[in-house]
Amino acid sequence: MATRRRPITRRGDHKFSIGMVAMISVWIARLRRAYVTTSLAVLGLVPVAALANPEPWQLNLTKGVTPTSERVHAMHMISLWVCVGIGVLVFGAMIYAMFRFRKSKGAVPATWSHSTKLEVIWTVTPIIILIVMAWPATRLLVDMAHTDDSDMTVKVTGYQWKWRYEYVDYYEQNPGVGFMSTLHRDSNRVRQLGSGLDPASVKVGDQSTYLLDVDNPLVLPVGVKVRFVITADDVIHSWWVPVLGWKQDAIPGMVTSAWAMINEPGTYRGQCAELCGKDHGFMPIVVKALPKDEFERWLAEQQAAKAAAASAGTAQTAAPASQTQG
Amino acid sequence: MAHAATHDPVAHDDHHDHKPQGFVARWFFSTNHKDIGTLYLLFSLLMFFIGGAMAMIIRAELFQPGMQLVEPHFFNEMTSVHALVMIFGAVMPAFVGLGNWMIPLMVGAPDMALPRMNNWSFWLLPVAFTLLLSTLFMPGGGPQGGWTLYPPLSLQGGNGVAFSILAIHVAGVSSIMGAINIIATILNMRAPGMDLLKMPVFVWTWLITAFLLIAVMPVLAGAVTMLLTDKYFGTSFFNAAGGGDPVMYQHIFWFFGHPEVYIMILPAFGIVSEIIPTFARKPLFGYQAMVYATASIAFLSFIVWAHHMFTVGMPLGGELFFMYATMLIAIPTGVKVFNWVSTMWEGSMTFETPMLFAIAFVILFTIGGFSGVMLAIVPADFQYHDTYFVVAHFHYVLVTGAVFSIMAATYYWLPKWTGNMYSERWGKIHFWSSVISVNVLFFPQHFLGLAGMPRRIPDYNVAFADFNMISSIGGFWFGLSQLIFVGVIVHCAYFSKVRATARVWENAKGLEWEVPSPAPHHTFSVPPVLKPGMLAHDDVSH
Amino acid sequence: MSEATTSQDHYYVPHHSIWPAVGSVAMLLTTVGAANWINDATGLMGQPLMFTGIAVFIVLFFGWFGSVIRESLAGVYNKQVDISFRMGMMWFIFSEIMFFAAFFGALFYARMLSVPWIGGEGHGALTNQFIWDGFTPAWPTNGPGNVGGTFETIPAWGLPLLNTMLLLASGVTITIAHHALRAGHRKSLLVWLAATVVLGAVFLYYQAHEYIEAYQHLNLTLGSGVYGSTFFMLTGFHGLHVTLGAIMLTVIWFRCARGHFTRDNHFGFEAVAWYWHFVDVVWLGLFLFVYVL
């Protein structure tokens, strides 16, 4: 064969390129499938709720389900557009210069190399832009730091590699409910090295929940200001549900706090967001937000189950009673 | 590429004023800034490939959802060691190598100020990386807590912990000595008439970088020493039960870590400030502003460290202070970007490979800077932190920033080093292949991060599958493109038939272009006499 | 160029030197040995390897500084080379200052932030309420976990005060020695330099005494929570620097005795004197922040 001519070619190249072609065609098929939804999402036509959990081809931050998370999203969009705007100007000028002032087009170099006026302009303008961005950011941050006057407190403790939730108070009562929350067993089976099982097969309804599902979700009421007190038992973890609009590190021996008031019922997924060892990728978080009355019913059930278990003398780490998934 | 029989590679060898030296004497016992510079650069290239190979393992595992290739703990080792190798093994030594080669030439010095120490600085690096890489083969493995080595996680490792920590100490000693040498060279060895404000911008940026290095490398040494004693000698620096705090480590680490990222970008700014005026055939716009901006960035870099820790639960006042301080860095950096664009404006540009890389640097680094400013906004960083958005940010500033500038510098000065011209054609192929693939590699990571994919995970939900696959394809493509880079260098050094002139580039200015190509083994044994027009910045009325 | 080595016109660039490479070998042996040793390795790969490395370092110092001294005596260093050495030493000391800064930073952080937080002050209310209920912040402390058990501290106005005097005095003696050197009073130089070394040695003796006291009678150890950690790491690294400084002064004494230094060319002496002053100043910081306050 006439391949001698191209010394760059390696032995593996041929096989590799076949693999590549196969992959690319799979990928094109996916691209086509996703094209419609993506373009709709970009144009903002898909309702926000669709981005409560990660979606294929998702491009942007979720607006989330709390008033705060919407403000966080807005803050993100402001800074994004500011950057895009400056980028268009700067890169536009560069590209213009590259076409206009090339030697091959006979451009003759100027000799100037200084202009105080220009330099003042492009020092002062960014300062103003930054102040404009810093202002709403400061206000938002102050509000986010304000964890007082909450009606409920949940204590979150990170362990390698699971979470513990304790309902510390609810309208000034201590419900005395607490449980562990670990990766759901379906995901766990699939995620073993070389399991050969298809991650796409792990689903709840039509939503893929691979690595985003747990045995016992954290159940919260809608419309109540919940304060989270967050800590860890062994190494640092970080508790993050994107639709709540924040993440907060869980530090052993120290307690940090944050708050959320969820707007609408639903199941919201997140993950541990601080490297915490080998199974850091496998300690998801699920928050199940219920209307207030349903939540109170659920809480009462838990308390009853706990009382029953205690009188039966079973271990205190009992799982929450009869949970329905998703 | 030429297939000429490999005749004796004489390209590097100069036959002049003293007896030919043996291989060992020349390369192991050297006191010559050019040879030591070459050693640094070759070492850096090797580390780039080792670190890159680890990145390829990362991208291969992340190619699809599901665990296909490696165990999670090994994945974490790859992430951690990839970063350590790239930062301490590839980017920093590359800049030190460039500094070694070029600073004495640029300021008209006969060599580095402390030539023996210079060689020691280099030869500590192989020691450091022997220690570091050997941990991969130990029971318990190498570092798995990320390159940031946060306790308590990093203390959970096995025997490797002590080795990695000592490796960091040794690399730190190397950097400090290298920096001392560079400062002494710049402050003490300039040719008569080479005033501080006439120095090339590359020299300026290195002077400031060296100061940063001396200020922060010892702090890193202190931080990892505390890790060592916490693990092995029962201290409680990072243990709340004993009155310490795990977050204390993060403060000390990032007091080093943030200046460290500017250590990896300031020399890049210098390189680009050399290249753009050459190919725009127009003097650098706002020379003094460039110098002051560099100094301001360096100053600010000491008061922004906690922007890496917005989610640890600092007091509100702290969060606000670090947000404002961080945002301020955009201003001096913006001055630089605007000045580069102005330098191009009304120039007469040609687009040889160094210029292409320099232009790509300006655009892509700025994109990385933009995401940096977004990250600085605390409430938004609560969402971005520890996601692929951050990974995208720092690869834009590090790969298309620092690494691209190193490539630009290599193309720019390669003819001076080897005496031959590289293949412009293959240089351009390398450039286009790299610049396209690197964006395929890192741009989609912004989307992944915004959609909610955490960093440092070996496996992910299927929602993240598509962009990960695109990113991996970009990664393999970018990795393969770097083989072209090596090809071009080897070809230029050993096979190229086109001899370089002393000036090499039409409008190149500065002392390095006054000596022949290849630069003789010893240059400026007698300080050069500066003549008008020799320097790019003789006239610094502004 | 190579023939120009005895001229003062040129910046002296040494030709080859094996010492940097030897230094790297020494570093490899020492670090591998030390890491193995810390990991409880027994046999040749631990302590013996480390000490071999240190031995190579000692050979290296004789070799490397030996050639520097020889070159210096041969007069190949001009003024510019001298300035390079000075800059090198100054920036080296600056890097040492930053190393200590990391540990002082840890001390201040613990005293002013983490301990009060754990004790529920300011930002730490929840931390105290949920985890360390009942702990009241104080300094010195070994934390709410009473890590390492109850301990006592070393009173500032005993040995530490004496040590402060000793080091301050040594700062004076070395300055007198320097004046003597500049005035060409060899005898006085040797006496005052020796006095400096002796003061340093006595300092170290008391420091060792204090450590023994702390470990044997006060139960104050490296493991005594964050107080013990900062106390021993700061004073320990300082003590190590005093030791090195004293060794360097001793070497300088011998060099003075051999007449290596002239009235206006004695950079080696000055470098070590700077170093000694640096160690002195660090001690003042230690005395104030570790012992007194």
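Note that the chains are named A, B and C in the order they appear, and that numbering of residues resets to 1 at the start of each chain.
Operating definition for what follows: a contact is a pair of C-beta atoms (placed from the backbone, for glycine too) under 8 Å apart; a residue touches a chain by one contact, two chains touch by 3 or more.
Protein names from UniProt, one per chain: A = Cytochrome c oxidase subunit 2; B = Cytochrome c oxidase subunit 1; C = cytochrome-c oxidase.
As the structure is a prediction and not an experimental result, all values here were calculated from the model.
**Student:** Write down the chain pair with more C-beta contact pairs when A-C is set against B-C.
**Tutor:** Of A-C and B-C, it is B-C that has more C-beta pairs in contact.
**Student:** Mean of the CA atoms for each chain, then the mean for all of them together: which chain is nearest?
**Tutor:** If one averages C-alpha positions chain by chain, the most central is B.
**Student:** Nearest whole angstrom, what separates the Cα centre of subunit B from the Cα centre of subunit C?
**Tutor:** 31
**Student:** Cα centroid separation between subunit A and subunit C, in whole Å?
**Tutor:** 48
**Student:** Quick one: which residues in subunit B touch 2 or more of the other chains?
**Tutor:** 239-241, 245, 247
**Student:** Touching at least two other chains at once: which residues of subunit C meet that condition?
**Tutor:** Where subunit C meets two or more other chains at a single residue, that happens at 117-118, 127, 131-132.
**Student:** Considering subunit A alone, which of its residues make contact with at least two other chains?
**Tutor:** Within subunit A, the residues that touch at least two other chains are 253-254, 256-257.
**Student:** Show which residues of subunit B lie in contact with subunit A when the two form their complex.
**Tutor:** Touching subunit A from subunit B are residues 1, 3, 65-68, 70-73, 76, 144-146, 150, 152-153, 156, 239-241, 245-247, 280-287, 289, 311-313, 316, 319-320, 323-324, 327-328, 330-331, 334-335, 337-338, 341-351, 359, 362-363, 366-367, 370-371, 373-374, 377-380, 382-383, 385-387, 447, 450-454, 456-467, 469-470, 473, 542.
**Student:** Tell me, which parts of subunit A touch subunit B in their complex?
**Tutor:** Spelled out, the residues of subunit A in touch with subunit B are 7-8, 20, 23-24, 27, 30-31, 34, 53-62, 71-72, 75-76, 79-80, 83, 86-87, 90-91, 93-94, 97-98, 101-104, 107-115, 118-119, 122-123, 126-127, 130, 133-134, 137-138, 140-142, 144-145, 190-195, 197-200, 208-212, 230, 234-236, 238, 240, 242, 245-249, 251-254, 256-257, 270-282.
**Student:** Using the touch rule from the top, collect the residues of subunit B that touch subunit C in their complex.
**Tutor:** Where subunit B meets subunit C, its residues are 17-18, 21, 25, 28-32, 109-111, 113-117, 119-120, 123-124, 126-127, 130-131, 159, 162-163, 166-167, 169-170, 173, 176, 179-181, 183-185, 187-189, 214-219, 221-223, 225-226, 228-230, 232-237, 239-245, 247-248, 251-252, 255, 315, 522, 525-526.
**Student:** Of all residues in subunit C, which touch subunit B in the complex?
**Tutor:** These residues of subunit C touch subunit B: 1-2, 4, 10-11, 13-21, 23-24, 27-28, 31-32, 34-35, 38-39, 64, 80, 83-85, 87-88, 91-92, 94-96, 98-103, 105-106, 109-110, 113-115, 117-118, 122-123, 127, 131-132, 141-145, 147-148, 221-223, 225-230, 232-233.
**Student:** Spell out the residues on subunit A that touch subunit C in their complex, using ranges where they run on.
**Tutor:** These residues of subunit A touch subunit C: 155, 229, 231, 253-257.
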